[in-house]
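There are two complexes below, and they share chain A, which is joined by chain B in the first and by chain C in the second.
Coming up: the complex of A and B.
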């Protein structure tokens, strides 16, 4: 009797195990308002980190918030600073965002910015006597070409040899820094050095003019930077090129089926990324720094990449996020003046971005209360009739 | 080399399983049991419900209705882990191995007999032991990514066995293997069954099933149509039950063309091509389709259909041979479109449509360069939306809001949109691949109706389908494809379906192969 009982236990099937939580994560059927979620999440992160931050510093809260306020909206100088930072940052965001639409990562924006600025400088030094109306457009075009050239090798390495563009674009950043350092310390060594690896300033007529709107002083480069996201937004909606990128970005096989030249599109969108980055570097040098230096970009490229990923294929979201990011950088900068450790500023930026990425996840996924642990019905399974026998 | 499993196998019974996906019933209630010590083949065409049934048995899907019993005991699976705990393991076509890990590391995933900290050496020793225990040779320290497909499959099988599987389900295991590897696998499976394991072998290849199985069950359209001992079946009988209960030629319903056929439109000549793995897929194939004609190309999946459809559509380049439409040679998609070729691919959501985009953007996928909807580099969105609305109306789409995302359309509506798009405009030929697969009866009828309409309109239709019923119903001429060559051609009225079934199975026209 006892033995048979043990036998029975031995062959007893396992009881289905319940999952730990009655909640489970599910893909949203239509993640349409992704950018909205992301931007709201970024703003929420900003609010949370700003509320919490004063507890981690000895600076009195009033002084803390005062510094941030006057470093951004609170003073013409602050606002000038925000817009100056935003000018190249928006372009860097676009430089990452456009290849990203096709699933390509442009991690080399800083390098492309530097090479753009270098090419523009070279052009300026080659025609030092040329008038501004000739020099400025020539420098800008040279800057775009320089940036685009710097992404050609990674683009073709990816297309022909299958080398990941993440690695090649990233590593070329260092090559660009070395190249610029060589010119700054050699051929273009400044007549009066003020420290840092900087080149001789560009001819004065090559600098782009500044606007003064009630004390807010900013180069008119900002107008181009603000206009371009709208231009691209429209291009993706109303042009053949935009249509091709949109469709291929979602389903490259459908693109090929529609008769699109997928490889050519990959090349043009990568070159577009390099061109925008080169233009960003050039415009910053011509309007703000006035000279080429190895620290010209100050990580603008990587910040642009973060913005592009958070904005997720929406150029207007790139604009909005770049502006928020510039507020953070400018406000954070002014905190240093009142004695707040710069690490805290990075922490605020970090927390804000983490919120942003949660917003991204929240936009794609949702928590659902499970009816029973046994009943699983995720959307993937529902798709099965389409996928089951189509292995290609 | 003997292959063994732990202890004796157990029996697996599936009683009254029903599994639906939306409107589609993939498996409809029937009883089937699998005995230990046997290789039990589950035979059926693509979409017959074999994989769905086995995914239910292995805990990947939960049945809507029905019971599972292992060794006579009722069980309920909430996950594949529950199934493996009950001794049921499944090896899928696409392996779940970590390519970057070594064989030993892969075998350690999910294993419960090793601690959290185990040295590489211990893992390697363990992997060797597992290999020896089950009689399948592996090299523990090799990275899985560097292995051949056959070796990967061996690792996958070993992992399943080492986790205690006594019922081993293999989903079309030979589809990815070379002939030599397939042979070796069959030897191994026979050996495992000889040692008492329960082996379930999903396949649509008749010859293979006949060579390896002890028992053969045939599924069609989600139902079990036959379950026989090996000695009771032969190639012909299996082909017959797999594809249809063939009626006589006169009883079959047909919709052949009233108009007599016209001139040659789509001409394929001497096409040779390779598949992704570099193996020869098409061996100098030639065929032609006339205006007012539907030519049905039948064959078991994987005999070159995919390569052929893509070459005709201009997506793939052949090694040699030509495709022409109305005498114009086609080399790429643009050529094919200009020459007036529509293409309804099998994988409608993976190739034919972009599900995450709205109907109107999908409507112009193949004509976006046409002056109708674009001017120079600009897409005329108003015209494009109008075009999409007209298209939606002409195919009776469930919605006339063309900003609806395609992923929100039902399968039937998505296919109506796709077929409508490919048959409208200035076209004269169309390639349709499994155009009704996965659709409910009503939607399937609508799509067939559309193809018949196209024929009346003078189209040359090449219908590539795994559904013999459909081919017989629609075609004026039936062409049989086997291993990249045309092995038979029949006018619809004197098509001998037994003969077609045999040819599809790889038998030559006269007697056994």
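Coming up: the complex of A and C.
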């Protein structure tokens, strides 16, 4: 059926080409410094949207920026919020970044976070009398396993059946929300309900401790979150797995000719993504919320995905961007005090991202003046499939 | 369950599926030319707020739906310009636009929260047919929009599979290079259908605020855009299956409520989750069946930016 369709197109009489503009967009033959353009565009977008944002509200700009300042660097409480938000966000960024190195999209991080937190909660409720030193590590491991299990079906669907992991990982988010909602309204219905779809809090010894650094209160989960990007950064440089993933990310075929098991690497990096997401959800639940709820992730997964794409396969950039992102989210959250809907921050982030896309497009594409139809030069340089030493 | 109740349940299911059906049909057109507008939920939100505000100010639901469609079109065109013309990644731009839609509609619409709509889309009983027992109540006491929405997949099926225009569309989604060689403007066609999909999603969104809930609230679409997005995959890019999928998923959300009232003992989450589980399962089953034939059900160039050569 496919063949017949294409044949049909081929025999159509060619329509005369009408050119509406003397300009044409084409690929730059040598796209370089893409991440430089992207990051500069993101920063520009951030500046522009932050300057414009107060004019969409009825709040005086001074109060607007004052609220953002005191919600971030300006107060210990603000800084505590920033770090609390950053803790799962860094992990979500890594959870997207590692499959992304191989060209795989993990759009299901929110679901994996929820399932990780669910598994950890199940384990905690199964051993309510266990001491903390036993319960905390068990819950963390359970959370990682729960997150990884939630990505198995999309991984299988992609590798065996060829179904795009973009859609399957994405749709499973909603299934995870439903699953958690069922447990929160049914078996784990809290003894004292306080609004929202929340489960009974986990046993107190299962919560991870908090540090107090000059008034900035944050769980020690942040230490793990900050350490992991460095661990992965090192792993991609100094281990065989990291080398193979980097290699194949650049060029699948080269890796296969080099004798690497591409399929195994795709599976491990997807599972690693799910595992990190599950861990992120667990650590947030154990440190901050103290109970499972459907709103546990609050779009942390999508934000992580965006961070990973902006960071462009660089774990340290994930860390930096997650921190900037957390500043925005915490600052936006504090806008409620001056009567601004805190969802405005989503618009700021969205517009910033769109600027980033423009930056990327500028790095990749260029405008050329179209000449007469016959003399059009085709400057596209085709990269040989076996080229290994590409510039990135 | 007595028959009157069953008929009313069916009527409700059909009524609330309208927005999803319209948006999903639009998304199908977009995906047939090789673009997936993952920002569908955002487009619907923009349409929902604009439609509601237009309805409040003009007092006319027709103008409300038109305004919703225009706003949806404009918002989708932002997506189209960035992804189709500038060839950037559809997923990131889609997520960004959903965030923009969520943030701006919430901020702009805050003064319209909990205000009752001054104009509602009225039910239009079809003469004779609507007085039939059972079927009349279930099917023929809907709004005009619902009747049109029912016909829409058939129109789309005719265009796609019976006209040269549709052949060109499919060619662009399957093999843009061949279509380009045949003289079609890939960017032009794709932009045009992103706009058409935006109009339909915007009208769908406006239908939610003017025809279903009759008010505005933040995030009023509540995932209906995602369901519409999923239905296109569920339907395997077949227009008539969009009709089946939309009514099936619409019925599920009504069944969840009915089950609560009737005390079926089935958790309502089962009904909310089923569309997504079903879509994933159907996609995998179809891929498994087609694997031996070496064919795929989705447009082969879906999601790929087009470069000449």
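Here is the rule we go by: the second predicted complex is superposed on the first by the 320 of 392 C-alpha atoms of A that agree within 3 Å, B and C clash if a C-alpha of one lies under 4 Å from a C-alpha of the other, contacts with A are read in each partner's own complex, and residues count from 1 in each chain.
Just so we're on the same page, contacts are C-beta pairs under 8 Å (C-beta built on N, C-alpha and C of every residue); 3 or more make two chains touch, one makes a residue touch a chain.
This is a predicted model, so every value here is computed, not measured.
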{"item": "If touched residues of chain A are counted for chain B and for chain C, the larger one", "value": "C"}
{"item": "First, second, both or neither for A:172, with chain B first and chain C second", "value": "second"}
{"item": "Which superposed partner A:239 touches (first chain B, second chain C, both, neither)", "value": "first"}
{"item": "Touching partner for A:126 - first (chain B), second (chain C), both, neither", "value": "neither"}
{"item": "Chain B versus chain C as contact partner of A:349, first or second or both or neither", "value": "second"}
{"item": "Which superposed partner A:161 touches (first chain B, second chain C, both, neither)", "value": "second"}
{"item": "Common ground on chain A, meaning residues reached by chain C in one complex and by chain B in the other", "value": "12, 14, 16-17"}
{"item": "Interface residues, chain B side, partner chain A - complex", "value": "21-22, 24, 26, 46-47, 51-52, 61-62, 70-79, 81-82, 85-86, 93-94, 175, 276, 301, 306, 313-315, 332-334, 337, 343, 345-357, 361, 364-366, 368-369, 374, 377-379, 381, 405, 407-408, 411, 437-438"}
{"item": "Complex contacts: residues of chain C adjacent to chain A", "value": "78, 82, 85-89, 91-93, 95-104, 106-108, 110, 164, 167-168, 170-171, 174-175, 178-179, 181-184, 218, 223, 226, 230, 233, 267, 269-270, 272-273, 276-277, 279-280, 283-284, 287-288, 291, 295-296, 298, 300, 303, 307-309"}
{"item": "Parts of chain A lying in touch with chain C, wherever the complex brings them together", "value": "1-2, 5-6, 8-10, 12, 14-17, 25-27, 56-57, 105, 107, 153, 157, 161-164, 166-168, 171-172, 174-175, 178-179, 181-182, 185-186, 302, 305-306, 309, 340-341, 343-351, 353-354, 356-358, 360-361, 364-365, 378, 380"}
{"item": "Contact footprint of chain B on chain A as seen in their complex", "value": "11-14, 16-18, 29-30, 32, 237-244, 246-247, 250-251, 253-254, 256-259, 373-377, 381-392"}
